[in-house]
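Take a look at this one; I'll ask things after.
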Amino acid sequence: MNRLEVTEMIVAAKIQKGIRWTDVAKEIGLSKEWVTAGCLGQMAFDANQASIIGKVFDLPAEAVALLQAAPYKGSLPTAVPADPLIYRFYELINVYGSTFKALIHEEFGDGIMSAIDFNMNVSREPNPAGDRVNIVMSGKFLPYKTY
Amino acid sequence: MNRLEVTEMIVAAKIQKGIRWTDVAKEIGLSKEWVTAGCLGQMAFDANQASIIGKVFDLPAEAVALLQAAPYKGSLPTAVPADPLIYRFYELINVYGSTFKALIHEEFGDGIMSAIDFNMNVSREPNPAGDRVNIVMSGKFLPYKTY
Amino acid sequence: MNRLEVTEMIVAAKIQKGIRWTDVAKEIGLSKEWVTAGCLGQMAFDANQASIIGKVFDLPAEAVALLQAAPYKGSLPTAVPADPLIYRFYELINVYGSTFKALIHEEFGDGIMSAIDFNMNVSREPNPAGDRVNIVMSGKFLPYKTY
Amino acid sequence: MNRLEVTEMIVAAKIQKGIRWTDVAKEIGLSKEWVTAGCLGQMAFDANQASIIGKVFDLPAEAVALLQAAPYKGSLPTAVPADPLIYRFYELINVYGSTFKALIHEEFGDGIMSAIDFNMNVSREPNPAGDRVNIVMSGKFLPYKTY
Amino acid sequence: MNRLEVTEMIVAAKIQKGIRWTDVAKEIGLSKEWVTAGCLGQMAFDANQASIIGKVFDLPAEAVALLQAAPYKGSLPTAVPADPLIYRFYELINVYGSTFKALIHEEFGDGIMSAIDFNMNVSREPNPAGDRVNIVMSGKFLPYKTY
Amino acid sequence: MNRLEVTEMIVAAKIQKGIRWTDVAKEIGLSKEWVTAGCLGQMAFDANQASIIGKVFDLPAEAVALLQAAPYKGSLPTAVPADPLIYRFYELINVYGSTFKALIHEEFGDGIMSAIDFNMNVSREPNPAGDRVNIVMSGKFLPYKTY
Amino acid sequence: MNRLEVTEMIVAAKIQKGIRWTDVAKEIGLSKEWVTAGCLGQMAFDANQASIIGKVFDLPAEAVALLQAAPYKGSLPTAVPADPLIYRFYELINVYGSTFKALIHEEFGDGIMSAIDFNMNVSREPNPAGDRVNIVMSGKFLPYKTY
Amino acid sequence: MNRLEVTEMIVAAKIQKGIRWTDVAKEIGLSKEWVTAGCLGQMAFDANQASIIGKVFDLPAEAVALLQAAPYKGSLPTAVPADPLIYRFYELINVYGSTFKALIHEEFGDGIMSAIDFNMNVSREPNPAGDRVNIVMSGKFLPYKTY
Amino acid sequence: MNRLEVTEMIVAAKIQKGIRWTDVAKEIGLSKEWVTAGCLGQMAFDANQASIIGKVFDLPAEAVALLQAAPYKGSLPTAVPADPLIYRFYELINVYGSTFKALIHEEFGDGIMSAIDFNMNVSREPNPAGDRVNIVMSGKFLPYKTY
Amino acid sequence: MNRLEVTEMIVAAKIQKGIRWTDVAKEIGLSKEWVTAGCLGQMAFDANQASIIGKVFDLPAEAVALLQAAPYKGSLPTAVPADPLIYRFYELINVYGSTFKALIHEEFGDGIMSAIDFNMNVSREPNPAGDRVNIVMSGKFLPYKTY
């Protein structure tokens, strides 16, 4: 058994049992974004969290152990994602990538927004012209230092 | 002359003259995100906006005309971006792509977040442990409809 | 079991039982294009539709549940499709892509044709010089808005 | 001078002079789709057509000669197009490619829709919920024959 | 069972039983080129042909049904083929591709040689300096038409 | 000046002067296939041939010298060719590649058809249903020998 | 069973039984280079050779039959090999490729070194500064002929 | 001026002046393989060697200086080389790569053949059945050591 | 069973039993870097080492035999690694690659740092601003020699 | 003028004037690693540093301005580097990538070594068996935090 198989077990159980990610997050007591990423094989759980996940999705002990190891991350099957929902984010980077770079450097100088010391929130933004997906990202600015 | 050359003229003028993107945006009266994307060859300006851009960056008439045509969009020189600042956004999609998909479908059903009916704001988020880059994205949810 | 396996079960059952896609569409009461795409793993069915599909193709309950989850979309095994029928569509984009862009921008301004708020119809067009494939596509125009 | 340079001369002249593709098509007396594709380097003009194009866009004699040679076709700079408008067509093939294949084979048997004996029409489809892009494609069905 | 598995069953049976492709073609009453391509998963057989193939290679009924569906075509595992025999054909296109294009356009004008309304013959050409492989290809010329 | 520039000079001169490849071949006294390939930068000419080519296309002495050096061969700008005429040959290899391999091995044993000790002829094949492109290829069979 | 599985059976048996490639070659009575390549799925054995290989590695009859079919050749899992030993050969082509081309053309004129009418020998070259790997390659020169 | 331009100057001068690589090597007093590689931009010359190269090819002082810097090595324009002569070497690695690995490990244990502490000789091997290209490579074996 | 399966058995056993790489290294009496690389399928163990690894991870005899064969090396599933921890090393090469080249050539002349006669040490570097990862690499400099 | 052109001016001046990177670093008063990376277009200089660089390499004012803008980073012309010196670092990641991941996670938990809050030192390590390249890297460990 490897981590990918654990992810497939979780996804299958979710559909069969009608479990919602937001409910799993509440059981863990953390954000739905981090918990879902963990369930989908992108984050490592601690022993207590893994045990809760194991109960929610009815996983065997071997799977619960695997949930506690740092996984090989990356959830795109191809360099350019084929799925339209995920592609739109890739398109945003393609169209706005140089803008992100220009504005962040203008405000902060040379450096990056951390993708590790990072959190985010995905929510519904009600709108009479059609509800919107609202995503707030927050990552620590890390400057390149001279040495 | 093509649009790429106009972008290079703008970038060169910006560095030589010490112009800031946020100041250009104020001249235009729109967000710094959309105006910067336009200056970097990703959006089309109307005649009035193009004329202001032309004055700010001292562009010839041919360049001002080109700013009003819809450009071939995309600002990444390679499918996987090499620049660390831009790569971090690609990494977020790689790590969180399946999470975006799972949470948006859970909340909205099958469909996507529009990358066209879309706006965003990049700002500094003060933090005693080191200031953070804060990005708010808002895109209309577009459902797949049956037919 | 994952969605890909459900698709393979459907395709195999279709061949063994001699079922036609157009008949499945009639059972569902929707277009043959949307229903076939759903059967081939590209659209999500609601509970009632999934139950009909399950009966038509004799699928187990687990498969019927999977038909109701939004799938990871994309049906090309390679970036450039090898199959001649599908390649011809790729070739049309290669040859006419810049034409699509030029004419749509000329008529509508900067923006795109939605691939989500979209429908289409594939039909036989009788012709004495050899019948023709007729495809009508209709997608909402989505303008880039300034902000 | 090569054909690519002729295309760039045409595109630049179009923007500087405010010429519309539909007007060029009327001068030639053919569809806007075929004429635009030709102007963008994808089709060969005959001597008379090339001469008209030359006058409209003020091209030198060498360019008019080049317009009459069959060009190396293909207008995508990368295998997967980066521009959002063109990408949506690629996405349609990705999502609906297997559906095209299934429905055309069901109706016609093994074979393809020709991309050569082919024509199409792009038009505006008025709609109170937002106008739509309407595309009608018609290509001769070519069956694989046994031999 | 899918078509790829049927191909593997045919190839395995051929080796175990010492069947020759030319003999299979005689049983079917068609060319060895088309019949071999069909056996290797590139063409669709009719019911009678499929039944003969099924007997020759001792295939189960499910496989015989699959032989009658139009397959997803393409027999190269990579874009540039690694096998030396198949690579030589790719090399011929690489070296002579622009020559094919130049000579066919000179003789016929803008258009293509059909790969669908196509047949070919592979034979041994006796030669005292070493026998040669002789390949005759014949494809209908399809002109690009103006519209 | 490099060989690619010589090729571009030849192609430009051909269009401007209305020269035909078949006439160039007659001047040289060899096949149109080999001579065209040489003019397009794929074969090396001897001093006498290069001098004739130089006169026909009005090339400078430096170009005539370059025509006599063995060129870096390969005329495809991408691994999978975008031009429809050239792509059809790639498609034939994709669809018939395993058939070529199967039939040549059946007739000759393990080995290849040479792409070096090779010649070919492209001609028009009159046909009431539409003329056809006829291509005859002949390459020496080269067996893998044990050692 | 396919040829790849036969290769894996041979490799596994070799390790378990401690068989050396050079000893297998002696049993066959041919060079270690050709015999090893055949065992690794790159050459076809005759009936007698296959039978010896079958005995040495304890292979089932089906595997012995497969050893006599011309395999789909190519032993690199990626276009650029990841394994350091194999990469060094790729690096030599990268660094010395243009040198090979320059020197062979200078000595022989336009043509190639055959990779089919080819043999080689890999041996240990004793050296006080550290033993060396010595590889002698010999391939027939094949000239491009005019026609 | 960069190293690539120096290489192009050398190649152009060689053709115009009819210089042979072997004669350049004699002037330098080293092997034709190493000297040609250096002239083609793959090795660094010392001051004296660079000065000789400069005289032979009539290079400006700036070029002579560049010849003494360690170049960015690699002479293949694509990962898989298109030129038939160079491709044959790539094919040898593809077909014999696993054989090289197997035989070198059998003889020497885990490690590689150095591509740095390496030399080679390309020569003509007379043969009544057609002369052969003979290549002798010698590279130090470098073992992986435990630590 | 192949080496990849042995690696998966080791990784699974490590997680289930809570074994630490540093403890395995102590059992073997070598560095944690080399021993971990070996356990992950990148180095070959001798008989004694393999036997210890077999006991620590409870491996079957077949696996212990496989640990002694030189493996096909390379642990990245894609050319550009997706996992953030491993990507950072790729990014360092991307950003500092030309710097490594410039400084090593300045100090040592033309040549490389060996990746074979190489060792390294990964350790924790305590730091009040947050502990650091410290990596010391040492590889023999190998000069390109003239010949 | 763009940053790439500034890099080429610096590299050309360095060779023509015989400047050493280590001397430039001393002028700036920082490490040779960071200063060289900056000169090669990977880091941004402040006004004072840029002015010194400008004097050392005799750069025009426009170039000095460009040195102060954050560059688009990345110095590899291809995803897998062709140059042997740089490739060896890529190979180390390929061979040791999973080991880096395993050991860093074992010591620090889930997270990464920063490539931004990072410094390094390249030096000569004298050794009687041949001097070695010694590289010390130090990057802050950044843990993934739950949220």
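Think of it as A, B, C, D, E, F, G, H, I and J in the order they're written, each chain with its own count starting at 1.
Heads up, the rule we're going with is that a contact is a pair of C-beta atoms (placed from the backbone, for glycine too) under 8 Å apart; a residue touches a chain by one contact, two chains touch by 3 or more.
Since this is a predicted model, take the numbers as computed values, not measurements.
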| item | value |
| --- | --- |
| Chain J reached from chain D - shortest hop count over touching chains | 2 |
| Chains touching both chain C and chain J | A, B |
| Selected from E-H, C-F or A-C, interface repeating H-J by over half of its contact pairs | A-C |
| Chain of greatest Cα-centre distance to chain B | G |
| Chain pair showing more contacts of the two, E-H and A-C | A-C |
| Remotest chain, chain E as reference, centres from CA atoms | J |
| Averaged-CA centre spacing for the pair chain I and chain G, given as whole angstrom | 29 |
| Intercentroid distance (Cα basis), chain I paired with chain H, Å | 31 |
| Centre-of-Cα separation between chain F and chain A, whole angstrom | 53 |
| Shared-contact residues (touching 2 or more other chains) in chain J | 33, 69, 72-74, 76, 79-80, 82-85, 91, 94-95, 101, 105, 111-112, 114-116, 142 |
| Touching chain combinations (by label order) | A-B, A-C, A-D, A-I, A-J, B-C, B-D, B-I, B-J, C-D, C-E, C-F, D-E, D-F, E-F, E-G, E-H, F-G, F-H, G-H, G-I, G-J, H-I, H-J, I-J |
| Contact set on chain E toward chain H in their complex | 80, 82, 84, 87, 91, 94-95 |
| Residues on chain E engaged by chain G in the complex (per definition of touch) | 8, 11-12, 15-16, 77-78, 80, 82-84 |
| Residues of chain D touching chain F in the complex | 1-2, 62, 65-66, 68-69, 72-74, 76, 79, 115-116 |
| Residues of chain D defined as touching chain C within the complex | 20-22, 32-33, 36-37, 40, 42, 73-76, 79-81, 83-86, 88-108, 111-115, 118, 120, 122-125, 127, 129-142 |
| Residue ranges of chain B in contact with chain C within the complex | 30-31, 33-34, 43-44, 69-70, 72, 101, 105, 109-112, 114, 116-117, 119, 142-147 |
